[in-house]
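Two complexes, one shared chain (chain A), two partners (chain B, chain C).
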Partner chain A sequence: MSQSYTVTAVTVVVLATVLVGGFGLRISRTTSDFYVASRSVGPGLNAAAISGEYLSAASFLGVAGLVLLHGPDMLWYPVGYTAGYLVLLVFVAAPLRRSGAYTLPDFAEGRLESRAVRRLVSVFVVGAGWLYLVPQLQGAGLTLRILTGAPDWFGGVLVALVVVVAVAAGGMRSITFVQAFQYWLKLTALLVPALFLLLAWQGDGRPRVDLGLTGAVADRADHPLYATYGLIVATFLGTMGLPHVVVRFYTSPNGRAARRTTVFVLALIGAFYLLPPVYGALGRLYVAELPHGANADAAVLLLPERAIGGLGGALLGALVAGGAFAAFLSTASGLTMAVAGVLTQDVLPSRGVRHFRLATPLAMAVPLGGSLLVSGMPVADSVGMAFAVSASSFCPLLVLGIWWRRLTPPGAIAGLLLGGGLAFAATVITVSGTVRSGWPHALLAWPAVWSVPVGFLAMILVSLATRGRIPPGTNAAMTRFHLPEALMPGARGGPGGAGGPTGTSGPTGSSGADSAGGTSGTGGVR
Partner chain B sequence: MTGESRQPAPRREVVTGEPRRVRPLPRYRAQAEIEEQTALGDAYVRSLMRSQLRAGLSAFAVLALVAGTLPLAFAALRDTTAVWVVLGFAAYPLLTLLAWWYVRRAERNERDFARLVKGRPAP
Partner chain C sequence: MSGAALAVLIVLGPLLLAGGFVLGRRTARPERTSDVGTPVEHATFETLHTASLAAPPLRAGLTEESARKAARRLRSLLGTDALCLTDRERVLAWDGLGEHHGRHVMDHVRTLLDSGRDTAFASGCGDLDCPLRWAVAAPLTVDHRVLGTLVAYAPRESAVLARAAGEVARWVSVQLELAELDRSRTRLIEAEIKALRAQISPHFIFNSLAAIASFVRTDPERARELLLEFADFTRYSFRRHGDFTTLADELHSIDQYLALVRARFGERLSVTLQVAPEVLPVAMPFLCLQPLVENAVKHGLEGAVTRSRITISALDAGAEAEVVIEDDGVGMEPDRLRRILRGEGGASTGIGLLNVDERLRQVYGDEYGLVIETGVDAGTKITVRIPKYRAGVHGT
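Let's turn to the complex of A and B:
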C-alpha cells in the first residue's frame, strides 16, 4: 500500500535530519560554532542552507494549491518570496552582517543604544516567529493525515519533537548542514515527480490544461487588484525581517560574502519556484475534484498517485511527502533557532548554551498549541500575514537604521508599535473572522499596503520631533555598517594583541575601534 | 618588557623610541581620519554611503517599477498565458540578474572607495 511507502519516506527524512545534525554536532565544538557556525560558512553551503530554511510549507504545498484554486495571479506569492531577497540584498545584507550583531534585538540595541527598543523588538521577533511556525506544524499534520490517515495533531507533534532535539543538541553549525541537505532534498522531491508527471501528461495525449480563471476564483477577494498589491508589498519588504532569515546572515564570514551568498540564494530559490506552478497547472487537470478550502494544500501530495497511479505513483508520492517533511523541518528549525535565541538573551535570566537548550522547547510549545487550536487557513495565506507584520515593523527599522542618521529610539518605538502593531491587529481581526467582505475585509486581510507607510512615517516623524535623542554613537555605527572590512581600523592583522607583547600598549591605546565593535555584540558570541 | 628573572632588580629606563602597539597604526591618513571620526573621515563615510545607497535605490527602482505596473498590465491584457510565462518563468532569471548587477556595482563602489582611502599614504 502507498501508506507504507509514505511512512518510510517520512521516517528516512526524519532520520537523515537527525543523523546529519549529529554529524554537525561532532564538529560543533565551540560556543561560536553553536550560535553562528563560527561565522565561517562559505557562500555555496550557506546559500543552500538559507534556501533550504526559507522554502517552507507555504512554498512546497501552498503555492501549488493556491494556483490550482485561484489561478495564475497566485504566482505573485513565489515571485514575492524571491524578490524579497533582492530587496534584502540591496538595502540590508552587507551592513547587517557588518553590524556584528546576532539577532534583530542585538541590531536594534547596537544601533539605537536603547534597552527599551531592544525589548520591543524582541517581542516582535518572538511574535512573528510564532506566527510563522503555526502553518509549518499545521502543514505537517495535513500531510500525514492525507497520506496515511494519521490524526491531525500527529504530524505537528512529530515535527516539533524532531526540531527541538536537533536544534537544542547541535545549534547553528549542525543546522547549517541539515538545511543545506534539505534544500537539495526538496528540489529533488519536486523535480523528479514533476518530470514523470509531464511524461504522463504527454502520454495522455497532452490534454489541454485550463490555464485561465475558473468559476472558483471569484471568492478569493472582492478586490483582487488591491489584494495583489498587498501581497507584493508584504512579501517584497517582509522577507528582510523574518527572524530565521536575519540570523542566517551572521553566519557569513564578512559583508562581501553576505552579498554574494544572497545572489546564490536568489538563483537557488528561483530554480525551486519553477516547479510548484507545474503542479498547480497539472493539478487543475488531474485533481480537479479536490474539495475547496484548506485542502488545496494537498494537491501536490495527491497529484502523483492520481496522474500516474500504480507503484510508480505511490513511490513518487512518497518522495513528495518526504520533501514536504523536509520543508516543515527545515523552516521550523530555523524559526525555533531564532526564537530560542531571543528567548535566551532577553527573557530567561542567564546566558549560555545550556539556557539556549532550555529555551528551545519553550520556543516550540506555544506555536504547537496554536496549531492545534486554530485551523482551516491555507498555509500560504497565514504565512503571508507573518510577512505583513514583518514588513510593517522590521523593514522600517532595518532600512532607516542602516541608512538614516537621524533615527531616534522614540521614533523606532513609535514606528514598531504603529506599523507592526496595526498589521498584527489586522491579522487578528481577519483570523477571528469578524469582517468577511467588502473593502474592510480586503484592507484587513492585506494590510501591508497601508501599514508599511504608517510604520515608515511614524518612525520618521517621531524621530524628527525628538532630534535631541539621536544616539551619540550613530556616526560610529554608520561607519561600522558601511565600511568594507579590509578598511576597518581594528580589523586588520587578525585578532588584536593575541600574539603581541601585551604589556606594552602605547599611550594612544586601542580602545576606540575595539569598543565600537563591541557595543553591538552584547548578546552574541563571546 | 617583563624583566628577565636573572636580573635582580629591574632598572628604571626612559623609553625614547616609538611605543610598540597592539595593533598596527592605520596605514593611510584617510583611515585614521575615519577612525578618529574627524569631519574629513565623516565625509569619506558619507560619500561611500551615498554611492551604495544610489546603487541600492537604482536596483530597487527597477524592481518597483516593474512589479508596480505588471498587475495593471495583466488586468488590462486579460491574457492568462502571459501571466503564466512572466510570473512562472521569466521573473526568476531577471531577479537573479538584477541581484548580480547590484553586487557588481556595490563591490565596484567599495573598490573605488578603497582606492580613494589608499590614495594618500600616511607620512
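Let's turn to the complex of A and C:
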C-alpha cells in the first residue's frame, strides 16, 4: 500500500520538476507586463534557488542518519554546511558577481589572464562535481530500495536519466524557478512530517531521547576532535567553490544583490537545518534497530511509518520520499549543468559548434559508474570529500584572487595542484579503503586541515617567487571586483589596457550622433 | 573490491579525458612532418614553420614587445649571429651577440630611413674579437612609408645574406601591412557602430514625434507617457560610454521602442516576450537586439493589412544565452538575405542586420554570428547566441 503512495509521490516530483523547468518562463503579451518580465531576479527568489540546489541528499538524509548513529557531535555538519555561506558572504559573493564570471574557469581566466590556469581549474571543477554527484545517485538508489524494494541501482539510474533527458533536451530553460520550487518542496517535505512526529512523540508521553553514544556503534573515527576540525575547515571554506553554487550567483543583477542573496540563503538554509536533527533524535527512539552503515541514511524515510503508522504514516512517508527525490534531482541537475558547461567549454576539443547536449551524458556517466561501483559510505561523508577538494583548491584561488594583488598564474597553478591535488589523492586513497585506522586514516579521510594551508602556502610562496608574472590587467580587475557598480567610471570597454585594439575607443559616438545622421536616409521605419 | 575499482575509475577517468583532449588537439593540428621528403623539402618546411611562428607577434604591429618576440624567430630564419629591429627613432629589439652595437645602429640606418633602399655597412667595431664585422639593413615599409629597419650582422660580407635580409624584410613588411589592415577594420567597425546609433534616429524620431503629436489633444496623458518613453529610449541609444550593456537593459530599451511603435500601429502589432530570468544579467554588445526587433517590426507590418505577431524569447542554454526574435511577416528570399549579409545588398535594407552580425563575430568569434531562417511569406526567425562570459566583455 505505502509503496504505491511512494511511487506516486516520486512520479509527481519528477513531473513537476520537468514541467516547471520547461515552462517556468516569464511570459508577457501586453505592454504593461513587459517590464515585469524583463526585470532581474530578486534576492529572495535567487536565494531560494541557491538553497534548493544546495540542499542535497547529504542534507536531507545524511545529517539525520549521522545524528542517529553518532549523536550530537554530528551537529557540526549542518552548522558547517550553513556557515560556509557566511564565509562566502564576507569574502567572495559581491566581488565574484562583479567579476562577471559565470563559472570558476571564467573567474580564473578573467583574473589571471591565463589559459593554462583556466584549463586546470576546469579539471578541478569537473572532478569536484563528479565527487559530489556520486552520493546523490547513491542516495536515490537507497531511497527507492528502502521504500519500494527496487534494486539498488535503479534509483541512481532513474535520477541520472531524468536529469540527462531534461538538461540535454533543453528542458531546463529556466532553472531558477525549478530550484526555488525544489527548496520549498524540500522544506515542506521535512517540516510537515516533523510536526506530526513531534505530536506523536507528545502522544507517547515524551519518552526521553538518549543522546549519548549507543554502545553498539563503534566510534566514528580514532581521532574525533581532529575529524571535527577537518569537517569544519572543509565545509566552512569549501562552499564557495562548489560549481553549482557559483553559477547561481551570476543570476543576481549586481554585487550588492549577490550579497543580499547570500544573507537570504543563510536564513533559508538555517531554517531547513533545524529539521534533520529532529529526525535524528526521534530516530533513536523509533527506528533504533536500524542496521548500521549507509542504511542509517534511511532513518528519515522510515520514521513517519514507524512512529505514526496507518494511512497517515504512509502518506507522510510518501511526502518525505518525494522531498528526498527533489533533493537528488535538484542537486544532480545543477551539478550536471555546471559540469557539462565546463566540459563543453574547456575540456572537449572544439570543432565548430560546441555540443552542450553531448557533454551532458558524459557529465553524468562517470559519477553513475562510480555510484554503482562503490557503496557503503554514508552520503554525508562522501559529500564531505567534495567539500575538502573544493576548500583546498578553489578557496585559495578565490580568496587570494579577490584580495591579493600579487597572485600570479604560476602561483595559482602550484596552489591548485598541491592543495587540491593532495586533497583529491587523499580522497581516492580513503575511498579505495587501503588505509583503515589510526592517524593515517584520520589524516586522509579529513584532509582539509592540512591541505587547505598547503594550497594557500603554495599559492603565496610561488606567487612571491614569480613577481614578474603578475598579470598586467590586475589593477583593472581589482577595481572591477571591489568598486560598487554605481561608482564605476562610465567608460570601461576593454580589459584594462592589455593592448587589445578594441579597448581604445574612448569617446565613441560623441561626434557621430548629429553629423552622421543625415547620411543614412533609407534605413529606419517608414 | 568495489573501493579499489572506484579508485581505478577515478584515476582512469581524468587520464582518459586528458588523452582524448591531447589526441583531439593533435588530429586537429596539421601533421608536423619531421622525417618526410627530401632534405630540400625538409629545409623548406623548417623555414615555413619558423616564418609562421614569427607572424603572430608581428600582426600586432611594430612595438617593442612584438619586435622582441619576432626577432628571435627572424634570426633563426636568417641564420645570422645577430639581428636588430628598429623603428624610425630607436632600436626596438636586439637578438643575438654584441648588443653594444645597438648604440650605433641608428647612425648607420639614417640614410636608409629616407631612401628606403637596402644598404650594407661595416660595423666598425673596435673589439677585434667581435664576430660582427659587417651588416646589411633593409627597410620595413607599409604603404610606401618606411616604418623601421631590419639589420642583420655577419662576420664578413655576404651577397646571400644581403639578398635574404631583403626578402625577410619584405615579408615582415607584408605582416605589418596586415596588422595595419586589422587596425583599420577595427576602426571601420567602430565607425559602423556610430553610424548605427545615428541611423535609428532620424526616421524613428520623426515617426515617433508624429505619433505622439496625434495624441496630444485626444489623450494628453498618453502623449506625456510616450514622450517620457521617447526620452528614455533616446538617452539609451545615444549613450556615449561603453561598448557593452546587459540583456536586461537591452530588453528594456526594446520595450520602450515597442511602446512607441505601438502608438503608431496600435492593435496591428502584437508582441510576446518569453524570458528565462537567469540570462538577464548577461553582458552583450550595445544595441545588438534593437535593430533585429526593428527589422522584425518592419517585415511584420510590410504590406500586411492584418495583425502581425512578433515573438521575442531569451532562454538559458548552459554557458550561453539564446535570444530568438521571430515575426510572421513577408519574410525574404534566402539569396537576397545572403547578399545582404555579405554586404552587397545595397543601401536600402539590412545595414542593421549586417552590422549586428559583424559586431557579434568580432566580439565572440565567427561561430556566434546571426542565424537567420526565412523564406518568402514564411516569416523570419533570427537566433542570437551570447556567451555568458567572455574576457573583456563587461556590461555596464
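A few notes on this one:
Here, the second predicted complex is superposed on the first by the 459 of 526 C-alpha atoms of A that agree within 3 Å, B and C clash if a C-alpha of one lies under 4 Å from a C-alpha of the other, contacts with A are read in each partner's own complex, and residues count from 1 in each chain.
Note that a contact is a pair of C-beta atoms (placed from the backbone, for glycine too) under 8 Å apart; a residue touches a chain by one contact, two chains touch by 3 or more.
These numbers were taken from a predicted model, which means no experiment stands behind them.
Contacts of A:P472 after superposition on the shared chain: neither chain B nor chain C is touched. Counted by residues of chain A touched, the larger count belongs to C, out of chain B and chain C. Of the two partner chains placed by the overlay, only chain C lies in contact with A:T344; chain B stays clear of it. Applying the stated contact rule after C-alpha superposition, one finds that A:G369 touches chain C and leaves chain B untouched.
When the two complexes are overlaid on their common chain A, residue A:V263 makes contact with chain B while staying clear of chain C. Contact with neither chain B nor chain C is seen for A:G205 once the two complexes are overlaid on the shared chain.
Legend: residue contacts after superposition of the two complexes on their common chain; A:D106 is shown touching chain C, with no touch to chain B. Touched by chain B in one complex and by chain C in the other are residues 490, 492-493, 500-503, 505, 507, 510, 512-513 of chain A. Those residues of chain B lying in contact with chain A across their complex are 1-2, 18-24, 26-27, 31-32, 34-37, 41-42, 45, 48-49, 52-53, 55-57, 59-60, 63, 67-68, 71-72, 74-75, 80-81, 83-84, 87-89, 91-93, 95-96, 98-100, 102-103, 106-107, 110, 113-114, 117. Residues of chain C that touch chain A in their complex: 2-7, 9-11, 13-14, 17, 20-21, 24-25, 28, 60, 182-183, 186, 190-191, 193-195, 197-204, 207, 238-244, 246, 248, 251-252, 255, 258-259, 261-262, 270-278, 280-281, 283, 294, 297-298, 313, 315-320, 347-349, 351-352, 362-363, 367, 388-389, 391-396. For chain A in complex with chain B, the residues that touch the partner chain are 71-73, 75-76, 78-79, 82-83, 85-87, 89-91, 94, 211-213, 225, 228-229, 232, 236, 256, 259-260, 262-263, 266-267, 270-271, 273-274, 277, 281, 403, 475-476, 478-479, 482-484, 486-487, 489-490, 492-493, 496-497, 500-507, 510, 512-513. Chain contact summary for the complex, chain A toward chain C: residues 25-29, 31, 34-35, 37-41, 45, 100-103, 106, 109-110, 113, 123, 126-127, 130, 170, 172-176, 250-254, 337, 340-341, 344-345, 347-349, 351-354, 356, 366, 369-370, 373-376, 428-429, 431-434, 480, 488, 490-495, 499-503, 505, 507-510, 512-526.
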